[in-house]
Amino acid sequence: MISIQKDDIDIGALIQQSRNTHMGAQVVFVGTVRDDGIEAIEFEADRTTAIADLTTIAAEATEKHGLISVDIIHRDGLLQTGETILVIIAGSAHREEGFAGCRYIIEEIKRYVPIWKKDITASGDSRWHD
Amino acid sequence: MISIQKDDIDIGALIQQSRNTHMGAQVVFVGTVRDDGIEAIEFEADRTTAIADLTTIAAEATEKHGLISVDIIHRDGLLQTGETILVIIAGSAHREEGFAGCRYIIEEIKRYVPIWKKDITASGDSRWHD
Amino acid sequence: MRITIRSFARFREIFGTEKLIETDSFASPKTVLSLLCKEKECRDTLFTPDGTLHPHITITLNGRRLSTGETDETTLADGDTLVIYPPVSGG
Amino acid sequence: MRITIRSFARFREIFGTEKLIETDSFASPKTVLSLLCKEKECRDTLFTPDGTLHPHITITLNGRRLSTGETDETTLADGDTLVIYPPVSGG
């Protein structure tokens, strides 16, 4: 499943849905809003292009690392500290491919997928990340 | 949380409990029973020593890789294909530590923690792994 | 011809979510972007002092990313949509 | 003195879950393990033809893992527990 959505992500359900009996490993990356002096982060995405990019990245990760399944869900909108930003699940026969594939996906997302964040502080100030 | 248990693991709940606002990443490894011609795996553990070892490994991973939290739950008993064997959650400020810490933990578990598996085939044959 | 220009995040706050630019036929993306704003601060957001697009900016044409050469040399058609991305920060 | 020997997995099916061995004082773990069974197949599970413990076998004494040297040289005390692990396969 590839999605960009405002709604929170049911990570346990997603892991269960993603699984099949050919897998021996699921490597999951969960990105969360870290409190480094902020109150929240506003995420903005070019959803159409971002979904196309995530679909490409999932296919590349599957091909390069021999994955059995890939799920990528990224949230947009206003997320408070502690909330889930992103969940990636890489399912594979063995752990090596799962770790390599999951890592590939997050690095590619950070490199070029059109999603941006703006920090919101407790005082209401806000600042886009460069 | 460090545990060896017969009961299934509520992965979503565990990820939620493990999280705090100092984290930006949770890297989760889920080991599952893969169907490579088997019906189930019987897991046996020396629970006392295994728990002590997992506690040591969690502390080492925290120290070496700067993790914020570590959870390791390994099941024992009879597990059917598709079932969860193991969940590791490494929580960290940034993704690099989470991936490195989670990987360290699974490799150390495989290296020496006293847990064994016996494959059970559909015909009822069984064989311990060497 | 009419070209739609959309932008996101930091650039949306500068250039607006969506603008229509009327221009001569055969204009390149770079030419159309140079018509987007006249104030120095606004132009400096997109262009270096020697008039090239900042390398960290991504331009898409009808959803496809353009290389630096393509932003200078592609010929736009009526109804095309250009999108301007600031550096991404998702994940 | 009495030493308890416990084993797991494949070894449990060969040696039993738990056995009590009566032996002389000052025996080493290796000596006690050599008393565990007399049949060749059983002995071959633990010992190489030259009489050393197989390197892939782990022995713990009261929960602490022993090095190869320690299995030969440690002096056991009455009530000690030895555990024999085959190679692990968890995770």
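Here are some notes:
Just so it is clear, A, B, C and D label the chains in written order, and each chain counts residues from 1 on its own.
Heads up, the rule we're going with is that a contact is a pair of C-beta atoms (placed from the backbone, for glycine too) under 8 Å apart; a residue touches a chain by one contact, two chains touch by 3 or more.
No experiment lies behind these values; they were computed from the predicted model shown.
The minimal number of chain-to-chain contact steps leading from subunit B to subunit C is 2.
Between the Cα centres of subunit A and subunit D there is a gap of 49 Å. Centre to centre, using the average C-alpha position, subunit A and subunit B are separated by 22 Å.
Between the Cα centres of subunit B and subunit D there is a gap of 28 Å. Shared interface positions of subunit A, defined as residues touching 2 or more other chains, are 31, 106. Counting only residues that touch two or more partner chains, subunit D has none. The list of touching chain pairs reads A-B, A-C, B-D. Chain contact summary for the complex, subunit B toward subunit D: residues 31, 43-46, 48-50, 52, 74, 85-86, 106, 109-118, 128-130. Within the complex, the subunit C residues that touch subunit A are 8-10, 12-13, 58, 60, 63, 83, 85-91. Subunit B contributes residues 10-13, 15, 19-35, 81-82, 93, 95, 98-99, 102-103, 106 to its touches with subunit A in the complex.
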